[in-house]
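In the two complexes below, subunit A is the common chain; its partner is subunit B in one and subunit C in the other.
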Partner chain A sequence: MSASLTILAQHLLNGVLIGCAYALIAMGLTMIFGVMNIANFAHGEFYMLGGFVAFYLVSLMGLNYFAALPVAVAAVVALAIILQHAIFRRLREAPMMTTTLVTIGLSIFLEHVALLLWGPQPQSIPTPFPTKPLSFFGVYTTPLYLFCMAVTAALIVVGHVVIRRTRMGKAMRATFQNKEASALVGIRIDRIYAYAFAFGAALAAAAGAVLGGFIPVEPATGGIVTLKAFIVVILGGMGSFVGAIVGGLMLGLAEALGAGYMPTGWKDAIGFFAVILVLLFRPEGLFRRV
Partner chain B sequence: MKSLRLVVAVAVSLAAAPFALAQETVRIGVVQPMTGPVAYDGNIYVNTVKMLADDINAKGGVLGRKIELVVEDGACNPAQSVNAAEKLVVRDKVVGLLGAFCSTSTAAVMEVAKKHKVPLITGISTAAQLTEQGNPYFFRAVATTPMLGNAFGPVLPKALKAKRFAFLTLNDDWGRSMQASYPKAIESGGGQIVANEFFQQSDLQFLSQITKVKAANPDAIVLAANTQQAVALSKQIRELGVTAPLVGEGAWSSDSYIKLAGPAAEGVYGLVEYVYTIKSPVNDAFVKEFQAKLKENPSKFAGAAHNAIHIMVDAIRRAGAADPEKIREAMERTDYNGLVGNIKFDAKHQAYGQTVYLSLVKNGVPEVVETAQISKAQP
Partner chain C sequence: MSRRIATLAVLALLCAVPLVVRDDYYLHLFIVSGIFVVAVLGLDLIVGYVGQLSLAHAAFFAMGAYTSALLFVRLQWSMWLGLPAAALGVGFAAFVLGGVILRTRGHRFIIITVVFAELMKLVATNWVDMTRGFMGLPGLALPKLSLPGLGSLDITAKSHFYYVVLLAAIVAFLLCRALVRSSIGRKFVLVRENEPLAESLGISAFRYAMIAFVAGAALAGAAGSLYAHYVGFVSPDLFNFSYVTIMLIMVILGGKGTLVGPALGAVLFTFLPELLREASHWRMITFATILIVATLFMPKGIVYPLVAYLVPRRWRLSDAHAA
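Now for the complex of A and B:
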């Protein structure tokens, strides 16, 4: 393969790796927004906690890496359920601004609890994968990167299937569309809310646990993740799952290709610029609410 | 009525008590990143300064009084660092300031120092233009990035056996200063610059930038990053199949970096103002105490903290009074022998005369492979 084609392929692969992560995190955020009408500014903290709990389990408690990942997600889901029950359930009828402010406060709270528990030092989760890079036709990746892509892609597919093919998913979509009507036909709204919040948190935590192997996680990580997740969700259309997936991949690829072929100092700006362009022509995002 | 007057009297005397106590200690303010992307190194700095201040107090303090450190979090964010400095100067009435770690934040805090006429010393911020602003209250106790570049740039092509050099640095005053000043020095040693890439302080993965650098086919990569990003960078550079040696300004010789980066840290060169493997009586004592109290080997940020607090206390001693203006004048006449040799300040309050080091990580230990002395900055 010619050198420039190899480089392009490498950039595309990098973009897909990061894009899958963005898509996974954004799916959770859009689910919480779609079902519960909450703009969850603490979403990045679920990612961060997923990473930290996984790190704690693997390096400090010696748990097997592949066992630690689901346990970490379960721990964050438990926290999410508690938060839903204690806080968001009471805010069901409150205006969106109120719940948004609550999530901002929650984000600050969770970041600083993490700071107290684990300190500011960034941690990578030790993985059992060999670190030697693999190369195919000059394009480099590692077993860990492949694992990340496989897991995030699988979770995206699982999420999509749950929403589209299961009864629970149908109930969630019904609640999306019309809360009162869904209640009238017998859907337990409070249960749906709990599931949506837990599922959204689970997706973010899974991303954190899996990516924590090569992207060090620290308490401040949550903020950046939340920002990227919101960009993707706004780009894809708030409340649209397909939008979150497509938007995530688009942002990942735009950043990778932008950094690859334009001055790298502008990498983030290029991603945001692409988002602005899309919103100029489609203000509601790429896809409409499902 | 009588009991009310008693209550008021007690309240007033309690309120006045801190001011009475303030006369007893010499207050030095510290603005460092305790949270945020550079929190790890910022906390090391603060812990070092606290440890050394306790030592000085155990020996009687300065001017017969104890040193009291007041620490505020600047988070390497200019706005937050300014707030922190204002608090220290206005509320806590400190007589000197140490900080603020990141060059961009230090630039902001410099204005606070000038406004309130309190001397500020940094042991870490290396962006060149900080000493070009004619701010009489700012002192820099560390070689600037261009000075380091001039000292080691010509040596790098031979030391690294490299001709093609690629830059991959933080996109801030520090990183840009490096990419503006190093190329000439490296070219004078026979090197050639093939890439100039940047990343943001908030970036967690650098795959795109690394791929772009790789496309330029470098023999060596020159970096500027602090611990948190240095670890991710080293790992990801190796994971993308880039085998060229790395040489960096920043965290590339500290224990925390070596431990966290693991095998990716082997063979990494560091351009450092301090490394714990320096052989000298002052350093041996410092390393021993640091290992005992803080349980790791001192990084270059600990070394910077050592310089900053000692130079500040030395100036206070020579000033003869805890008066910011007198301390500032005394600091100008500094002739201090410490951790890294002799330090004096030139007319722009830039330190010169100290030794700087090229470290190489061998089997997890950053050995010193080259030294140079910082000559007075060229005008």
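Now for the complex of A and C:
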């Protein structure tokens, strides 16, 4: 392979993991948006907390890395259930301004609680993987990277199957399309709200816990992650799961290419411009509602 | 009559502030709260009167600060030229942005305003040739005020600049009051309360949302210009999300859809955080809690209902009531 092709392949590989993470986070965000009609500005905080709890468990409590990942996700889901009961349940019929302001408040609240608990330093979760890089035809990667990519990709498939193939997923999609009709056929809407919220939080926390070994987490991460996930959701079409997955991968790859070929600092602008273009020319998003 | 006396009394009190407050630090807080009044009244137009949640307002403020700073540093324009230029420039930016995003009101609008704010922050950070990036633009100065026939007046002292800010706040208040009391202002409220009804009467929600959005952004730009010249330094930190949160708290707790409420909210929430200065993490946690609780349980805010309760109607600075 020629040198420039190898570099291109390297950039693309770097983008796949981030893309998978974006997809995971955006799937949950789009689910919460579709079912609860809430733009959850605190969604990225679940990612951040997933990373921090996993870091806490591994580095400060000495828990095994592979055990820490599911425990961290469970902890964040527990928090999400509490939040859903304390706050989000009250937002069901609330106007958009109210729901948005409350989730913004919650996002600041969680960020600063994390700051208080763990400090502002970026933290990496120690992993048991060897750090020696692997090389395939001149493209470098690490065992950790391959593990993270496999886990995130598997979680996307799991999320997709839950939404598409299970009774719960079917009930969620039904609620998504028409709340009254779903309630009429016996779907417990309040329960669907709780499940959709927990499901979204679980996916975001899993992404955070897995990526935390690779990209250091800090309390401020949540805000950026929320923004990126919203970009993906708008790109893919609000409420579209396929759109969230494809949009997430596309944004991840585009940013990796941008980081490789554009002046430093402008990589984050790609998503912003993409969103404005999509809004101008295809406001319903690249994929229609599924 | 008694209303006029009350108005004069309030004005006299406001004018007396630098004579009574000798401490530089508290005077500084009064000046900053005056600047916030200008910005927050602008935010109230779009959030309180038209009912669209804009998260780009702090970015408009920062853009005004940068416009004024760049004109000063590169072209030696004083604040007297820089301030209207900042208001016009930011208003025009809001007009272009609004043309793209006000057609999709709702969730998309809110999200795009954040995206826009982040994009502007990236520009301020990365366009190093123009903005010097993270280093910011230092060395802004306050202008001289030259009055024909009277010579020039030095306004660089805090106690003098206070009056410039006070004047700006009063002008902003009167402009907003004239706007919300006009037929345009009534259409703002109609669009907020019942958009389909407004459209069925031939009132374009897009147009009136745009008027509020542009006017609000221009006020934010003017406030940003005052701030830049007062502090003497601008940096990309001005684009931080925490500023828009604070402005929203001022509007929401002040009482959105009224003018007196957010204006008093701006003063209150400039002074209050300073009292909590010792514990900065707890400060943001407290703020976030206040925002959540107030949004959920006190949709009318705190300040305006309190004023309405305490001050007899005939004394009140007449305020356009939210319908």
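We adopt the following convention: the second predicted complex is superposed on the first by the 287 of 290 C-alpha atoms of A that agree within 3 Å, B and C clash if a C-alpha of one lies under 4 Å from a C-alpha of the other, contacts with A are read in each partner's own complex, and residues count from 1 in each chain.
One rule holds for everything that comes next: a residue touches a chain if its C-beta (ideal position, glycine included) is under 8 Å from a C-beta of that chain, and two chains touch if they have at least 3 such contacts.
Because the structure is predicted, anything quoted here is derived from the model rather than measured.
**Q** Overlaying the two complexes on subunit A, which is it for subunit B and subunit C: clash or fit?
**A** The answer is clash.
**Q** On the A-aligned overlay, A:129 touches which partner chain: subunit B = first, subunit C = second, or both, or neither?
**A** In the superposition, A:129 touches no partner, neither subunit B nor subunit C.
**Q** Tell me which partner A:115 touches in the superposition: subunit B (first), subunit C (second), both or neither.
**A** both
**Q** When the two structures are overlaid on chain A, which partner does A:283 contact: first (subunit B), second (subunit C), both, or neither?
**A** A:283 sits against subunit C, while subunit B stays out of touch.
**Q** For A:96, decide between first (touching subunit B), second (touching subunit C), both and neither.
**A** It touches subunit C, and subunit B stays clear.
**Q** Between subunit B and subunit C, whom does A:265 touch in the aligned arrangement: first, second, both, or neither?
**A** In the superposed model, A:265 contacts both subunit B and subunit C.
**Q** Between subunit B (first) and subunit C (second), which, if any, makes contact with A:106: first, second, both or neither?
**A** second
**Q** Can you tell me which of the listed subunit C stretches (134-142, 152-160 or 278-286) runs into subunit B once everything is aligned on A?
**A** 134-142
**Q** Mind sorting out which residues of subunit A both subunit B and subunit C touch, each in its own complex?
**A** 115, 263, 265, 268
**Q** Mind listing the subunit A positions that touch subunit C in their complex?
**A** Within the complex, subunit A touches subunit C at residues 33, 39, 87, 90, 96-98, 100-102, 104-109, 111-113, 115-116, 223, 227, 230-231, 234, 238, 263, 265-266, 268-269, 271-273, 275-276, 279-280, 283.
**Q** Name, in rising order, each residue of subunit C that touches subunit A in their complex.
**A** 47, 51, 53, 55, 100-101, 103-104, 106-108, 110-112, 114-116, 118-119, 122, 125-126, 241-242, 245, 248, 252, 281-282, 284-285, 287-289, 291-292, 295-296, 299
**Q** Report the residues of subunit B in contact with subunit A in the complex, numbered from low to high.
**A** So the residues of subunit B touching subunit A come out as 34-37, 39-40, 42-43, 171, 197-200, 202-205, 207-209, 211-212, 214-215, 227-228, 231-232, 235-236, 238-241, 256, 260, 263-264.
**Q** For subunit A, which residues are in contact with subunit B within the complex?
**A** Where subunit A meets subunit B, its residues are 3-4, 7, 10-11, 14-15, 17-18, 115, 119-124, 131, 133, 135, 140-142, 144-145, 214-216, 218-221, 224, 255-256, 258-260, 263-265, 267-268.
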